[in-house]
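Structures given as structure tokens follow.
Two complexes, one shared chain (chain A), two partners (chain B, chain C).
Entry: the complex of A and B
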């Protein structure tokens, strides 16, 4: 088939990563490069030691060749994440984070953990955040009904994670509400 | 329709793609550095300060961002969304131009070490874009094959397909019909040998898109409260002002 079964219900995390890698990020280049026109836009020129803003995927590419340092986005540090975690655990709603924070954080932590301060702490904070938020979306299942669900501040990876299950549940609830007695076996029972 | 509304939201911020092919003169094979820069720059592009485009009033300005959005929409919508023929043509043109430029520079022995990195990056991007294009086309293909019989009988859905897609749908429907007839249906009693019976209490035999399936909706710009038909899961996010995020469902 044109689309493998595993891809039908939702997109996969690597695909979300691909989308997120289009975001711009600041780097300190270690090589110089003329301004180059890409399909997504023109980036550069790179002139060490001046900072430059380029898409994350280029940054990752250069970083793997040890040709740049990635500057962590303003939300990827211990203080900010600690503050969000406190908010997350003390309040019932989701705290606001960049929409694609999970993907970007993973990519940066994977290739450029040496450019971050205290990457281990960041990793564990991200994990705690994820768990706190996951617990909340599970909580949200209780309020799930056939027609609506409010999920402010949920991020792309989290939506993707709950999508198949939530949508299927809502579909079934919808059917139940729409035709409560259309099933003949139920009528006879 | 839930995804119609989503599509309208998306359309409201739409950017008209530049008519690419007219400008696509073949890159000149001049092997010095300046010419290299020209080869890569000889295409209509977003300005270098793309940051503005990313989170400003045009949430998906460049053709690639538009296609990415359409790809994601297509993957999650239960129905087939309108075809993006012009956008796709422009991007494919652009892909071809970039590949040609890369080929030219690679064949040139005087390209410097620094140029190699640029070539490699441009090539990487070409592959990334190709992946998105392929996945987008395959997603549509999957839906077209799945709903082929429905497409041949429904004029409305046909308006959302390109000519090639309509053609594929009708051929696919014909071939499967023939196959079913030859392998099973011809040996069944006349009463049961049709593929479009609608007996009571049995789901219809023609697979239709399940347009009552809920979808997640993400508002790209601030919008007033929208009233949608029931059974829609609305996830409304005001990107303009990240501190006053609100979500509302109907």
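Entry: the complex of A and C
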């Protein structure tokens, strides 16, 4: 394979961002537009001041031209994230967040921070969340098993980050562990 | 670290020599020991590469001792603190300690092999978090901050990494770097 080693086992963050940009998001359009057909489906019509649901990438595009306001998803506000952060720091398991929250949050924060309440607080909460969750996946590394790995509620960006070395470590362990069945001390659910 | 036919790692790992004690006299094979003798005498000890030793051991011409990189001294050191053992110094030729261990494990009897497997996998598990921690630490620092003088233990740990750990290190570093870049890049210049 001609791909560099690091690109073989996982995709890049910008690619994940692209995937996440297909998600639908609500906007308040400032222009009107007829129903328009795209490969993924038809979106619109946009009739200000009525809300419309369109893919994130169109919303970003319109927002950059100042032709819409993005309505933050229900999870992208200070109260919700604060609550999740409390859960995250008080419980050993990962708290449940939308699968592609990191990508969507970053895209929205980048282009539409003026549509959010208290974007700085949201940014710092997201950062705290990320750090708390990273610490947990590091704990997961300590109990790594050669045959199974269960990290429920891990999000796409986090999975993508740990995938290359988790995979490699597990494959090395597979080589080293001789008798998986007779070795119950190392197993963990 | 896979051990299929075309794996360079596997070939390198099999190139390690182990000490075999011959049980029989073997005429005309003295060149294996590299000396000038014509024959291999009974009970003579000769260093033989593993790829050749397989056959000799399986056909009961010789027996071998567990090589020093996996001997009791190293075992005790690993038990005390796995992270302070320099695995790459234990074996030559690229420092494939795990690979070498794996090939030895494959020719041992069940009981010894299990013990070996336990040691190898426990060592790997114990060292793994430290490998990843340092990789992520370096991904954040970038090249400029890499030469800290306070981190002597960390540096000697890095120098002692086995080849497969080194691979893991670079994987983790690269991935952390990429993710960090994405998080920090506001990325709106493209619009």
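The rule is simple: the second predicted complex is superposed on the first by the 171 of 189 C-alpha atoms of A that agree within 3 Å, B and C clash if a C-alpha of one lies under 4 Å from a C-alpha of the other, contacts with A are read in each partner's own complex, and residues count from 1 in each chain.
What we mean here is this: a contact is a pair of C-beta atoms (placed from the backbone, for glycine too) under 8 Å apart; a residue touches a chain by one contact, two chains touch by 3 or more.
Source: prediction; values computed, not measured.
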Using the touch definition from the top, say if A:110 reaches chain B (first), chain C (second), both or neither.
second
Contacts for A:141 in the overlay, against chain B (first) and chain C (second): which applies, first, second, both or neither?
second
Have a look at where A:33 lands relative to chain B and chain C in the superposition and call it first, second, both or neither.
first
Looking at the overlay, does A:118 come into contact with chain B only (first), chain C only (second), both, or neither?
neither
Between chain B and chain C, whom does A:86 touch in the aligned arrangement: first, second, both, or neither?
neither
First, second, both or neither for A:165, with chain B first and chain C second
second
Go through the superposed model and pick first if A:50 touches only chain B, second if only chain C, both, or neither.
neither
Which partner, once the models are overlaid, touches more of chain A's residues, chain C or chain B?
B
Examine A:10 and indicate which partner it touches, taking first as chain B and second as chain C; both and neither are also allowed.
both
Go through chain A and flag every residue that touches chain B in one model and chain C in the other.
10, 61, 146, 163, 171
Within the complex, which stretch of chain B touches chain A?
33, 36-37, 40-43, 45-48, 50-51, 53-54, 62-65, 68, 72, 75-76, 91, 94-95, 98, 114, 117-118, 120-122, 124-126, 128-129, 131-132, 135, 138-139, 141-142, 145, 201, 210, 212-216, 230-235, 237, 239, 242-243, 245-250
Hey, which residues of chain A end up touching chain B in the complex?
1-3, 7-8, 10-11, 15, 18-19, 22-24, 31-44, 53, 57-58, 61-62, 65, 67, 96, 99, 146-154, 159, 163, 166-167, 170-171, 174, 184
Chain A partner contacts - residues on chain C that touch it in the complex:
1-3, 98, 101-102, 105, 113-114, 116-118, 120-121, 124-125, 128-129, 132-133, 135, 164, 167-168, 170-172, 174-176, 178-179, 181-183, 186-188, 191
Seen from chain A, its contact residues with chain C in the complex are 5-6, 9-10, 12-14, 17, 60-61, 64, 106, 110-111, 130, 138, 141-142, 144, 146, 157, 160-165, 168-169, 171-173, 175-179, 182-183, 186
